[in-house]
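Each chain carries a letter (A, B, C and D) given by its place in the written order, and its residues are counted from 1.
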Amino acid sequence: MKKEYRIPLLSNVAVGSATHVLTFRSKEIAAAANPGQFVNVSSDLFLKRPFGVLDTDPEAGTFSIGVRRIGAGTGYICDAVPGTFFEVLGPLGNGFVFDQTKRIIAIGGGTGIFPLRFALKRARELGIPSLSLNGFRSKSDIILLSSFEEVADQVRISTDAGDFGTKGNVVNLLSELTKEEMKDAILMTVGPEIMMKNVAKWADGAGLFCQVSLEKRMACGIGACLVCVCKVKAEAEGEPFRHVRCCKEGPVFAASEVIW
Amino acid sequence: MKKEYRIPLLSNVAVGSATHVLTFRSKEIAAAANPGQFVNVSSDLFLKRPFGVLDTDPEAGTFSIGVRRIGAGTGYICDAVPGTFFEVLGPLGNGFVFDQTKRIIAIGGGTGIFPLRFALKRARELGIPSLSLNGFRSKSDIILLSSFEEVADQVRISTDAGDFGTKGNVVNLLSELTKEEMKDAILMTVGPEIMMKNVAKWADGAGLFCQVSLEKRMACGIGACLVCVCKVKAEAEGEPFRHVRCCKEGPVFAASEVIW
Amino acid sequence: MVDLTVRVGPTVLKSPLLLASGTCGFGREVAEYEDLFVIGGICTKGLTLMPRLGNEGCRTAETPSGMLNSVGLQNPGVHAFLRDELPNMRSFGTKIIVNVAGHDTDDYFRMAQILGDPSVPVDVIELNLSCPNVKEGCMTFGASEEGVYQIVKGVREYTDKPVWVKLTPNVTSITETALAAENAGAGAVVLINTLLGMAIDIKSRRPVLQNNTGGLSGPAIKPIALRMIAECDQVLHIPIIGCGGIASAKDVIEFMIAGASAVQIGTMSLLHPGICEKITNDLICYAESESIERLSDLTGTLLRW
Amino acid sequence: MVDLTVRVGPTVLKSPLLLASGTCGFGREVAEYEDLFVIGGICTKGLTLMPRLGNEGCRTAETPSGMLNSVGLQNPGVHAFLRDELPNMRSFGTKIIVNVAGHDTDDYFRMAQILGDPSVPVDVIELNLSCPNVKEGCMTFGASEEGVYQIVKGVREYTDKPVWVKLTPNVTSITETALAAENAGAGAVVLINTLLGMAIDIKSRRPVLQNNTGGLSGPAIKPIALRMIAECDQVLHIPIIGCGGIASAKDVIEFMIAGASAVQIGTMSLLHPGICEKITNDLICYAESESIERLSDLTGTLLRW
């Protein structure tokens, strides 16, 4: 039977100005988590907070998440000292699909880069060639670069400010791709909604299959309460659209399904 | 201007099975607190919890309280690790009166012994002879004995079980007092209501002035909300009784005023 | 060992713990975390005659010790429920309470007819006269004596199954609507549904919920639920099912003392799936340490001052 | 620098922050922690014509993110107030809002006559039609349109001073009682007083409060207060004073956006004396970072979906 775990924080490392990587002990989550899945983590507030899994170490029985400080909940989590116990549900939801994938292009922005790091690691394990495209505001916002270089075959960066990598956003990086690089590629994108929407549009134009990971406010995270629904295309006739659960059917969806 | 302090816990020492002595840093409280006064201390629950001041070290700028684990609030406080910050209001209320006191008999039970330790220390500083009578359930419940011996001229103990000191309760200790010991004495008593009531009755019979420290559920602790009132004798004619604030007019009252 | 069985009229529940409507879907997800065989029953997500997509946009906001929701009765409709969900729910081996909501009185009557049919294996019909998140029906009926009376009376003519009436706390006098339910033939009242609330995002100056308002649930509302149950216990002759912020065995005991024959756990089971097992164990410990033989003996034992 | 001044009808307040009735006594204690000169005003503990001893026994219980109180209007009576407290209160240099409660309509009229006299230096009369902790009067009046209308209308004849009407949230429709207040000539409505709740001690099986029930206050009720203010803002023409669980500048801003011209801080000022200074500073920071010149521009700017 699945359960809510009460697990200790093992380490909390600041990476960049407002972002922390937190590692927790949990054999079960470490063993079961797949890229794109998330965990729902307690704080001192009422609801848990969802975070994509950044990495797992099944042998050590640990997993980690990357957390950007946004409000009170992430503030509490970013400030937690090792030894603090958290209530955690996970791994939750459906992650990225790797079946019959010949080549992966992972496109990240903001906190979206965390689950992509895990996806790229899995791609490496599966022997799938990969390209990582991450967008940041400026050079000083770039985080985890070497960590991505560890697991991706190639890493490219865009900055809005243009002080590192390609100037502009990740769509600029996409438009610089060669035919070769695009061939048979599957896109995985996580980041701000507007970014994912543009990536999806680009993918559609380029005729490439694209997976997006949506973010909605959640309560249970397990599919029981229906507060986290996303609008996706109808299946039956007469239906205008469907409301599916971000936490259960998602958070990863085929971009072509999503009604933005 | 007075203020709510945010102060760190310096040390937390278990004394006995369910009781802790906690020391906090606060120059202001250490300097201002008088015996019988209390502090209102935050936990992870909504309301603060009131605790009598056990000791102060004005030079070090620290003060301490003794906390018995009762429910969730005292549970949180007893489990807190040094370095934890607390919101504290204090010192609050009116403490014991030492004016024209020739001899003190301090009678404690349960958590009531903590503020009495401070009163005995003050008596010693003021050169007032003192006798400490504390009641416990059994030998194994006795706490802080040497600490009382440090500050009181004499310390006597009763235990319900009779395995240490006088068998019975503190009233048994009182009835063993000699005329000499009673002469000109002022009683100060803190403990379970039924104990204080019996002490007050005994004092009345013996013609001795007795101060009692009452406990009521509190919210503000500063006299603003009127939720903590005690029933005391009327002043004006026609009034059946008065409701005075435990946190402001008390917690220490002349026993003769109290309507039990 | 303590007897956890409770009775709600003719319905015998294995335990006073029920899962509240809308917080456990149709049981599939919670069944992965909780042994539903040992609980008293499970209340389905609110069903309507036709499928509903529910409200669009943001549906939840966090509040101090509580949450707002404005799901807006997203559900597959009663027919798809019977076909796709009920058989699976039956396999849990616990009572199935079907929560129904309507636009108008007719909706309630037709659903009562369908679900009340003896051949349909549902145990109890719970009339949701209290959903604050849909524009028509529901809370509008539950807010007046006449509305409650009319629907319950009508529904009674379509079924012999027990009918529980879930009332809204957003009223001046809960005893009046509760008495209307009793007089119309309700088998029990369920107290309480959510309180109508709002959260505002100061950046956009918009309500957080796209429905503008939502239902407040969780421990924040517990004192209100307890008071309403205790009030109704003084005037009703039918059983009360307690609901509202229950988070622990202690809470269950408080609700039972106040007058509840059974209780529903909503938000806290959402946030802590598996909570029923913990509460059950704690109830057993409590009963043993207090030498209580039948937990149901607690019901309505409040000693008023 | 931002202009914190707000207007409530003819009354100009230095800041939208008021201290709520019953949570600051007559200001003596809080004045030791807070510079009352910079706040908008202070609402006295509820006064009655004759002194009241208040309820006996336990008067408070802690709840999740809130508290219950059943003080029962302990107060020295209006005459002793005028003699012993008002002169001191005037020295704070802020508006004095006198909260009054009555057994019957006559009580309200007589107090309005006394306090409404131009020679008596009180700025505003706040009619407490919402205290849940006394057996007679108060909430009984506030729960019905007629009750509210009758008292406010009557009081209006005894005084030309602004009359604010503090309403109870324990009603089916807050807009109805608020409109009744407006139609009867209220200068503003104050939303909300406490919600009626209960806490139970499972050991003694008794209500924790010797009055059995009490008023629920604190952040737990904030979403309900916000919703009621936003509802009333859509129909009222008189100002609204917001109240209920305010704990931060963010909360103040939310209440103002919802429709409040000013706000009262109750429980959180009890628990954290000095909170007004902090909130004031945070409001100034907010206004500066958002380039808001007059804080009062926030009032009623909610963009509904």
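Criterion: a residue touches a chain if its C-beta (ideal position, glycine included) is under 8 Å from a C-beta of that chain, and two chains touch if they have at least 3 such contacts.
Since the model is a prediction, treat every value here as computed from it, not as a measurement.
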If a chain touches chain A and chain D alike, it appears here: C
For chain B, the least number of touch steps when starting out from chain A: 3
Per Cα centroids, the chain farthest from chain A: B
Centroid distance [mean C-alpha coordinates] between chain D and chain C, Å: 34
Whole-Å separation of chain centres (CA-atom averages), chain B against chain D: 36
Chain B and chain C: spacing of chain centres that average the CA atoms, whole Å: 47
Residues of chain C whose C-beta touches two or more other chains: 61, 63-66, 218
Topology of the chain contact graph, where touching chains are joined (line, ring, star, complete, other): line
Chain pairs in mutual contact under the definition given at the outset: A-C, B-D, C-D
Touching residues (chain side chain C, partner chain D) in the complex: 57, 61, 63-66, 68, 143-144, 170-172, 195-200, 202, 204-207, 209-213, 216, 218-224, 226-227, 230, 245, 250, 253-254, 257-258, 301-305
Of all residues in chain C, those that touch chain A in their complex: 22-25, 28-30, 32-35, 45, 53-54, 56, 58-67, 69, 71, 74, 218, 267, 270-274
Complex contact set, residues of chain A against chain C: 1-4, 45-48, 87, 89, 216-220, 222-229, 231, 240-243, 248
